[in-house]
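Both of the next two complexes hold subunit A, though its partner changes from subunit B to subunit C.
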Partner chain A sequence: MDENIILRVRKLNTSFKTEDGVIPIVKDVDFDVKRGTILAVVGESGCGKSVTMNSVCRLLGKNAQIEAEAIDYMQQEEDGSVHPVHMKDLTNTSKEMRALRGKEISMIFQDPMSSLNPVYKVGRQVMEALLQHQKMSKQEAMAQVIEMFKKLGIPDPENRVNNYPFEFSGGMKQRVVIAIAMINNPQLLIADEPTTALDVTIQAQIMELMVRLKEEQQKTIILITHNMGLVAETADEVAVMYMGRVVESGTADQIFAYPAHPYTDALMRSVPVLGAMEDGKELATIPGQTPNPKDVTDGCEFANRCDKCMDCCKTGLVGNHEVEPGHFVRCHLFDGKGVRS
Partner chain B sequence: MGKFILKKCLMIIPMLFIISVLVFFAIRMTKADPVSWLIPADVVVSEENMEALRARYGLDAPLYVQYFRWIGNILRGDFGKSIVGGTSVATIIARSLPATFELAFGALIISSVIGITLGVLSAIHQNGPVDYIGRFIAVLGTSMPQFFFGIIMIQIFAIKLGWLPIGGRTDPSVVTFWDRAKYLILPTLTMSIAMISTLLKYSRNSMLEVLNKDYIKTARMKGISEKRVYITHALRNALRPVMVIIIFRLPLLIGGSVVIESVFSWPGISTQIVGATTSGDYPVIMVTTLLIAATILVSSVLLDIITALLDPRVRLGKE
Partner chain C sequence: MKEVLFDIRHLQKYFPIRKGFLKKHVGDVKAVDDVNVTVYKNETLGIVGESGCGKTTFGKSIMLLENPTGGEVIFHDEGKEKDITKLDAQEQLHFRKRVQMVFQDPYNALNPLKKIIESFEGPLKLHGIRDKAEREEIMREVLRVVNINPDYLYRYPHEFSGGQRQRLCIARALEVNPEVLVCDEPVSALDVSIQAQVLNLMKQIQRERQLTYLFIAHDLSVVQYMSDRIMVMYLGNVMEIADSRSLYDRPAHPYTEALLSAIPVPVRGAKKQRIILEGDVASPINKPAGCVFHTRCRKCTERCRREAPVMREIAPGHQVACHLYDDAAPAAVAAGEEQAE
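On to the complex of A and B.
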């Protein structure tokens, strides 16, 4: 297997058992994450981006059923050798899974207001992650926590470690969350909409921090977002998801230069660009609503909202087609059944 | 923290004072003439003798004078005398309060330990067998009346099996701890059952809610053990609402265990209150009411302290 790949996911299917039956949320998702790059997973709310990542890290509740052909994490040892960990065979709470969490793979969650335990001091919460994976005294651990706070730009770290989460602002809380994620120096960082709950100036600072992690420490980052602007600024690779499927994937350059899937195209057109709008022109929107996952039946999930919808789109599965090297699109426009407009 | 506790404790004093005013005047406002309770219904007593009787008990003075006399005596440690039996109220309380405390604290501890443990286990194994058993206990405990449960317990363990005494608190042959403890088992258990089910429900729901919080995901993503996730991260947050239920059960257990006390002929304070109320024994009523009010106040201070210990947001004054 390619040594440059850090995480390989093949045919990931996650469904939830509910009162209405088993509802598939993530369907046949494939993706590769290259070491030292930022992969952006883009899509509307409810498209399954978070569920995909939570499936990989096994953070879902008992009503979730996760099936996959492969979820392989390429663990790099200190001597540089790489060996795969087959994560699909691990249970939610197994030792092997816990050894990966925090140490190899970390996650930053969407809402910093709720991702810290309100009753413990922040220093202790970061230290807990460190002491879980490394043998050291509490003093040594605390020194490292302070060091990490400094690196992440938290002012007065010596005193701030003794504060409770409620004594921090949103942006500072998110830095603490990032400190928890980074303290064990993991190779893969999954950031689940890390800036959605923050205001724009803080957003920029946090994203700058992420890009620096990639560039200075060669970290790999999976950035889950619905913000196309962020994707354009930071991502190397992009995967666009709709209703639990990856509908288009490729490098950021490819996708921004040539958004092939009608959904990607519609997403791009609905991004407001400051100063570039003609007077009186309305911002494009995607007609209709994302269907409820339990109502999705046959055919392409986007068919009922697509302006290029053809008869063949309404039934059967849609194949994945390579429109240029490394650029895949799941759409009938590219398989000869229909004619590209 | 010390200052916080001191402040809360000092607040009890003015509140107790206000309650004493309310208790005193409310009872005297009922217009029931205490003296008339003293005289058998079929005896004719002259107005002069009635007045003399009133003067003897100090009931002829204006109401506010009577109040200050009463509260003054209480502050000096004199709770007055029962107008029915002539025993001092202090003696009545000293006789019955320890029995009530014994029962109340026993039930409180047993039900807290069992209720919270079952609730937490139910939440962790949601929809599993443990959860179904827990939910069954919860429904059973809330729907079965205490006296009924008590009678069943007596029927099985005292009458059929003969393992435990039918009722009472002690007997002349009592020597060892077990001799005393066997009297406690049935009433405590009966008293606990309803509270176990309430606590089970509350701690299960509270725990389920906390387990859905984002910080539980953060904790799991650190790679820590599930045990640590449950105990360190979830339980401490889940306990806060449960503590409210536990602490405010305390005054209820002390003042409202008439049913248990009569089923098990337990010589507690509730029996005294009911007796005093039916016979118009106002000195006893006033002091016992004040006592229950004091228990409620102390409980609420206790709750504030526990909440502050559990949650830094309260301790540091941000809520």
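On to the complex of A and C.
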């Protein structure tokens, strides 16, 4: 198995049991994450990008059914040897799963305002993650927390650890959340819309911090976002999702140079680009709206909004085609066509 | 020749902070402080800034949803000039018919217990259209304008998607046939593919109905797409006003430069010089002395800490409040622009 890969997911299917029956939310998702890179998972709300990552980390409720061919995490030991952990065989609350979460894989959530407990001091909240996984005294743990605050650019860390979340601004709160995620020195960080709730100037600070984690500490980051701008500036690899499926994946250079799937293409043309809009030119739009997952029928999920829709799109499964080495597209437009050189 | 619609002079809105049993006045939140700007007929004036910069309060003050605590807003109405801060009740009603507002969150802006027709009838009744058939005709007409089936008047808000709801809000604003729409973050709650639909629709309505827009948003790429001129605000003060092309090509104020550079551009390899602002926005209660931006400005001088800069015109239609342009001889201005690029 490739040692450069840190997380390998094959045929992940997640569905939810509801009053209306079992509704598939994530369908046949495959992806690999390479060590020391940033993978961006892009899509609109409801496309299943968060559910995919929560399925990997097992953070879903009891009504979720997770099935997969493989969810393998390659754990690296201190001596450098790598051995796989087959996460699909573990239960949500098993000892092995709990040992992975926080220690090897950790998550940064969207809204820093609601991911911190308002009645505990932030230092204690960061320390908790440390005490969970390592044997040490509270004094030692607090010293490490202060060290981490320093690294993440929180000014005056010795005093700030004794503050409550409401005493922090949004950007600083997100740094505290990142500190909780980073305190056990995990190898894989899953950041779920980490800057959506923040102002652009603060977003720039946080994204710079994430890129630095990758470059200086060789962390692997999965960035879940809907912002194509952030993807262009930070990602190495991209997976575009629509209605539970990865419709296109490849390196960021490939996707931006040649967005092959009609959805990716439309998504890119529907956001205003600063300074690049000619006067009077209109934005491209995607007609209609994302359907309710329970109404999705046979065929390509994007068919009824696609301007290149053909008869064959309306029924059956759509194949995944490699249009360039490493660049996959799930669309009938590429049926029977070879790899573009 | 551009026709003046609003002439806003020294507009000020302070919210008093009262403490203790006697509700002693202990300070003010200076949400809008000494704003001077002219709005022309049939243009879109974009207002950008980070959260808490006073852009929403500014929009509300113009509409009399907040009573300004100082300054004047001269409204040019059919050749007459009126200061809207001094209107009597009858005149206020008439003024409100001319100026309508579209709010940020379409989920909260429509009463969930009322059918669309009930929500829509209110303004028409208030503005004296007593005939029921006439009211219904108007309501059907505005729904057609925003591409919503007029028969949906008898539905409830929960039956509509986010994009449709925002279009309904626009329709409701249009029914009294206003001249000015104040749009407060009209697309920030919407998904990217829906954003483009609403933005294009707003542009089309503006062309057809000769409307004037005050377009308030935090996303500079959206503002630039929509606006003819842009006003940049920071901590209740105006930093820069320019037409949207020159604001992008030749940003004069260091804050505008930083704001522009912080916005991620969805073009691969468009890596530009990024200016990362240190720290957070200061408190609007205890504003920094001198220039309000000096605590985060990389070009800050001794003078900026002592003395607040005044707004000056550095090129036709391009105003900036910054000590860098104090010796606003044309040559110095040109030099400053080169430096900015």
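Annotations
Operating definition for what follows: the second predicted complex is superposed on the first by the 335 of 341 C-alpha atoms of A that agree within 3 Å, B and C clash if a C-alpha of one lies under 4 Å from a C-alpha of the other, contacts with A are read in each partner's own complex, and residues count from 1 in each chain.
Note that in this section contacts are C-beta pairs under 8 Å (C-beta built on N, C-alpha and C of every residue); 3 or more make two chains touch, one makes a residue touch a chain.
Keep in mind it's a predicted model, so treat the numbers as computed, not measured.
Once the complexes are laid over each other on subunit A, subunit B and subunit C both fit without any clash.
In the superposed model, A:45 makes contact with subunit C only, not with subunit B. In the superposed model, A:111 makes contact with subunit B only, not with subunit C. By the document's definition of touching, of the two partners only subunit B reaches A:102; subunit C does not. Touching more residues of subunit A than its counterpart among subunit B and subunit C is C. After overlaying the two complexes on the shared chain, residue contacts for A:82 are found with neither subunit B nor subunit C.
Using the contact criterion defined above for the overlaid structures, shared-chain residue A:256 touches subunit C, although it does not reach subunit B.
In the overlay built on the shared chain, the residue A:268 is in contact with subunit C alone; subunit B does not reach it. Per the superposed model, the minimal spacing between any CA atom of subunit B and any CA atom of subunit C is 12 Å.
Residues of subunit A that lie in the contact sets of both subunit B and subunit C are absent, per the superposition on chain A.
Listed in rising order, the residues of subunit C touching subunit A in the complex are 50-51, 161, 163-164, 191-197, 199-200, 203, 218-222, 224-225, 245, 248-249, 258-268, 270-271, 274, 276-277, 280-281.
Looking at the complex, you find that subunit A touches subunit B at residues 57, 59, 62, 93, 98-103, 106-107, 109-111, 114-119, 121, 125, 128-129, 132-133, 164, 166-167, 177, 180-181.
Partner subunit A is touched in their complex by these residues of subunit B: 126-127, 213-215, 217-226, 233, 236-237, 310-313, 316, 318. In the complex of the two chains, the subunit A residues touching subunit C come out as 44-45, 169, 171-172, 199-205, 207-208, 226-233, 252-253, 256-257, 266-268, 270-277, 279, 282-287, 289-290.
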